[in-house]
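Shared between the two complexes below is subunit A, which has subunit B as its partner in the first and subunit C in the second.
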Partner chain A sequence: MKFSATKSTLVYALQIVQKAVSPRNPVPTLSGILFKTGADQLTVSATDLDLTIECTVPVTVHEPGNIVLPARYITELARRLPDVPILIETLTAGSAATISYGQSQSNIHGFPADQYPELPELPEAPALLISQGKLKEVIRQVIFAASTDETRPVFTGALLEIRDGALTLVATDTHRLAWCRLPVQADEIISIIVPGKTFTEMLKITGNSEEEDVTVYVSQSHVFFVTSVMQISSRVIAGKFPPYQQVIPREFSTRIKAVTRELLEATERASLLITEGMPVVHFNLEKDACVLSVHTEAGWIREEMDLQVEGEPLQISFNSRYLCDALRAINSNEVLINMTGPLSAAVIRCPENTQYLSLLLPAQPKPARSE
Partner chain B sequence: MSRTILLADMNAFFASVHQALDPALRDKAVIVAGDPAKRHGIVLAASYQARAEGVKTGMTVGEAVLTCPDGVLIKPQYHLYVGFSSRILRIMRDFTPLVEPFSIDEAFMDVTGCRNLLGSPVEIARKLKERIRNEVGVTCSVGIGPNKLLAKMAAGLQKPDGLTVLEEKDVPVRLWPLPVRKLFGVGPRYERHLRQFNIHTIGDLANFPVDVLKRRFGVNGEVLWLCARGVDYSPVDPGSLEMVKSVGQQITLPRDYRGGEVKVVVLELADQVARRVRAGGYVGKTVVLSLKDADFACLSRRRTLPGYTALAAEIHRAAVMLLERHWPAGWPVRLVGVALANLIPARQEQLALFGRQEKLDRFERGYDRVRNRFGEKAICRAASLTGAGAWHAR
Partner chain C sequence: MKFSATKSTLVYALQIVQKAVSPRNPVPTLSGILFKTGADQLTVSATDLDLTIECTVPVTVHEPGNIVLPARYITELARRLPDVPILIETLTAGSAATISYGQSQSNIHGFPADQYPELPELPEAPALLISQGKLKEVIRQVIFAASTDETRPVFTGALLEIRDGALTLVATDTHRLAWCRLPVQADEIISIIVPGKTFTEMLKITGNSEEEDVTVYVSQSHVFFVTSVMQISSRVIAGKFPPYQQVIPREFSTRIKAVTRELLEATERASLLITEGMPVVHFNLEKDACVLSVHTEAGWIREEMDLQVEGEPLQISFNSRYLCDALRAINSNEVLINMTGPLSAAVIRCPENTQYLSLLLPAQPKPARSE
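Now for the complex of A and B:
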């Protein structure tokens, strides 16, 4: 293998795939990055066997070939290289690469490419074509609700569903739920659970451009997100997603409309005084009056807010961290919160978008001592 | 104004309780140890007569019998000790409301405000010892100092039945020559670390540059250094034991358990822990699993849950995950412990979707009600009926 590239091209590609490297994996090649050169392009890949990221960039290929180089050394070295043309070549059929820059050289020991695990194969037919910016926005709006508790894997992912001309994403950790729908053109019916980690990495490495498209492919056990430069593939989570439609309430007795930023800031201030246990804030809602309060050993805080309250008066408590997460995800100046009593889920949505909502279950005050 | 703190430390408490209840045992070598009939069990307490023969706390029953063949072995009866302990605390509260129980057989008293009322600290200590001896029938060592640390150190200087006063000016003479291990807060591990700095006595520590200790041990380095100089600002807090920090349950198994059998025991322990946590009105966030193998090599791993719980099912699931992740499958297990830590009062509960949590909650509350009404053994999990169940043996 022999190719030359600019420093910025090399660094860009390595930084993108680095997220999938698993440095402490018992399989030594997994701590490396696979380099593959073809017709005037370089593809670098990294995988932890669940998440795989590949990035393809244009380079000048003198001799096609491939090798696995330890991520630790090659990425750090690439970042510190001078801004000159860089030539990377493997000496023999062996497992070391020489990196030449200006008058200097470096040699890094790696592994032969055939020791690298086989990467999941891209299915032939795409399932969906969607703008990158739009996909990222729906992911951002739901992924906060996914759980981190590995003992229940289904909840650590987000349901990705394509049917009836719409893409639906749903995530829940059982205490809250976020749902988003986007009209798309697709014929296939698809329903898979994508690991939360895959989506969070995707948010970090893909661009925001509306013009650039992402093609989604789905195979038996994997999902692929492909752009012009990168391919992110991920094992899907096996299991059945809970019947989320059934838990979304349709009728409400108390409705409020607030300025998102004001409600968020008041909640953040109120929760400052909570140092231990669940960060619960109380809401007292009456006709066009909302009082938000917290009482702890550290002191108390009471925030009176000017907002529209319709329907029956209500006293309800929420975990402030969950409420703040939901308010940050909503991406709208105003927020509607619809409730049905102190023990039922509140539905949070934005006035202008009927295709997004999140559910938040309240915290139930308990008597001081159980039976 | 300088404070006056007393620490009363009951001598060989569990053994003394039995001697107080049965005059025939008074001069005997009494050894309180885990069930003598079964092979598991260690010495929890030994009377001074037994200690003279060489019996030490922590020995196995077998070793104790070999060391002291005439010793009277007694199975621990915790309700007696708790009863005695609360009677002693009641006597202490007659002197001052500022009583802080420190363990089942030790308590601090702040008598700063009683000096005009009840006399000098030494007189108060004499009266206290006399009342405990006359009304409860056990002896104690009392330490008097200007803070909790010195009171505690003083009580340790003379045992049994001691009365010792330590003032700040006594620290260089009385404490500094002692090995550093004797300092409150220094265990075997700290002793080892301190030895690397050539710190062997409390005096060595007190005269060591504090910034070096701070750099090596963090805040605790400075705290230890202050302790070595007899400085301690902590107040006597009567409420310190009111808040339970963790609830745990462990069992030594009669034989080697492996694989799935261990999970049954984990479930039984999770049940007991959850029941006690609920009875106290708490919820907790951190599940701790402790295991020992046949060579008594220990392993303890903890996992913090995303939310608070008091459900056996949640505790069990986290504990099983710890077991699978950290214990080689098929490796024998001889002791299993499950605990729920990071407890807070259950003032509110985060509700959940899909009904699963509600269902578990209803199930476990029903389980509690059956046991409240018909006794702990009235109902059990089906898994406990398998050969692996350790529940019946309890």
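Now for the complex of A and C:
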């Protein structure tokens, strides 16, 4: 293998795939990045066996070939190279590469490419074409509700369904749930559970333009998100996603309408005093009066908010971290919260958007205590 | 105590003093910030008994008084307050304060001010007046050479001397030394050892303009740096700073002149491959040819630099972390390194500045190994 590239091209490609490297994996090649040159292009790939990221960039190929290089050295070195043409070539053995820049050189030990695990193969027919920006926004609005508890794998993912001209994404950790629906053009019916980690990493990748389309492919065991420069593939989670429609309350007895940022900031302030146990904030709702309060050993806080309260008066408590997550996922200036008593799930919505909601179970109110 | 302030005033003052709070100190009041109101001003103070920071800002005082409030709550709360007038008042007991903003309130438990340790008292006569920007630059150029090993306290500080119309700052951890001299107008002769931590914190405080003067006061046991809004005081370190003049080589047999940034970047790149033991980089110097190299299990790197080499050819090795620290302290485009053999300290200088230098002992070259 022998190719020349600019520093920026190399750094761009390595930074994108780096997120899938698993540095502490007992399989040593997995701490590396696979380099593969084709006709005037370089494809770099990294995988942790669940998530695989590949990035293809234009380079000048002098001799096609491949090698696996340790991610930590090659990414750090690339980032610190001077801004001159970079020549990378492998020795005959194919287990070390020389990086030449100006009058200087570095030689890094790697692994022959045939020791790298086989990467999942892209199915022939795409399932869906969607704009990167829209897909990311749907993911951002839903993924916070996924669980991180690996003992129940189904809850660590998000259900991605395509049917009836719409894409639906749902995540729940059983305490909360987020649901988003987006009209799409697709013929296939698809229902898979995508690992939360895959979506979280996708949000971090600032690829090319958000306007660009991403093509989604689905195989028996994998889902693929493909753009002109990169391909992200992920194992799907086996199992059955719980039937969630039935838990979404259709009616409510109390509703508040608040400025999203104000409610979020008040909840964040109220949480500051909580340093132990579950961070619970209390709401006292009466006609057009909302008081948010917390009492702890450290002191108390009482936030009185001017916001619209309709329906029955209600005293209700929430895990403040969960409430903040839900409010941060709201992408509208105002937020609606529909409630049906102190023990039933609240429904959090953007006004004028029936295609998004999240659900939040109230926290058990703590026994009253004297100040 | 009762006063009104804007959010930005409060946040500004708290952020400055916060650096002296010692959250894990067994004395509970030390995890707090002392509030004290005088005539139309608020002074907040924090101390870890070594370092004390006080900041005075204009507020509207309704009732003078004082209280100690837990730093973590009051600073976080202040930062998250809405941008409305803030009213802070203590209850009659003086051990809790109510913070009112808009229609909302928080009450934080604190401590009566008389439980706070006594703060060092400012001497009457100042020792020196110096511009903040110049003082910070001298500190930045020297403080990296101080030790962090608390078993030998003298080396954890920097010697600050004022005599013969100059301020001299010197720090050494015995492997390296940095020295800077600045002409000043001062009559007093002063020689104290200031803790490195004090200087490091001073560099982090972005107070008001760098142009503003800072007045230095020295008492038996403390040094004070005073500006119009803040006062930083620090215990001085008892002991005798080692005689350093005699270790500074006056002659040299090999000299290199390099572009500071190029030499720094090459050294940083060369260090990347070193993951175990002391990070040693090797220099091979011949007439106008400098080769920097590192060999490790992971591979090798060979940086060939176009730079001016005068005098005897030399092979010399340095701890790359120390060398990078020294090069980062150089504030000129070019750097001079004067050497007198592979085992003697190198002298690192800015060209055209005889008032700054740092010294770096070479690393013992490792036994040669085959590639």
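One rule holds for everything that comes next: the second predicted complex is superposed on the first by the 359 of 371 C-alpha atoms of A that agree within 3 Å, B and C clash if a C-alpha of one lies under 4 Å from a C-alpha of the other, contacts with A are read in each partner's own complex, and residues count from 1 in each chain.
Assume contacts are C-beta pairs under 8 Å (C-beta built on N, C-alpha and C of every residue); 3 or more make two chains touch, one makes a residue touch a chain.
All values reported here derive from a predicted model rather than from experimental measurement.
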Which of subunit B and subunit C A:188 touches, first, second, both or neither: neither
Subunit B versus subunit C as contact partner of A:317, first or second or both or neither: first
Subunit B versus subunit C as contact partner of A:151, first or second or both or neither: first
Partner chain in contact with A:304 - subunit B first, subunit C second, else both or neither: second
Contacts of A:40 with subunit B and subunit C, given as first, second, both or neither: neither
Which superposed partner A:210 touches (first subunit B, second subunit C, both, neither): neither
A:175 touches, of subunit B and subunit C: first, second, both or neither? first
Touched partner set for A:81, first subunit B, second subunit C, both or neither: second
Intersection of subunit A interface sets (partners subunit B, subunit C): none
Complex contacts: residues of subunit A adjacent to subunit B: 147-151, 172-175, 177, 242-244, 247, 276-278, 280, 317, 319, 343, 345, 359, 361-366, 368-371
Subunit C to subunit A touching residues, read off their complex: 70, 73, 76-77, 80-82, 96, 102-109, 262, 265-266, 268-269, 272-273, 297-306
Contacting residues of subunit B [partner subunit A, same complex]: 278-279, 281, 305-308, 317-318, 321, 344-354, 356-357, 365, 368-369, 372
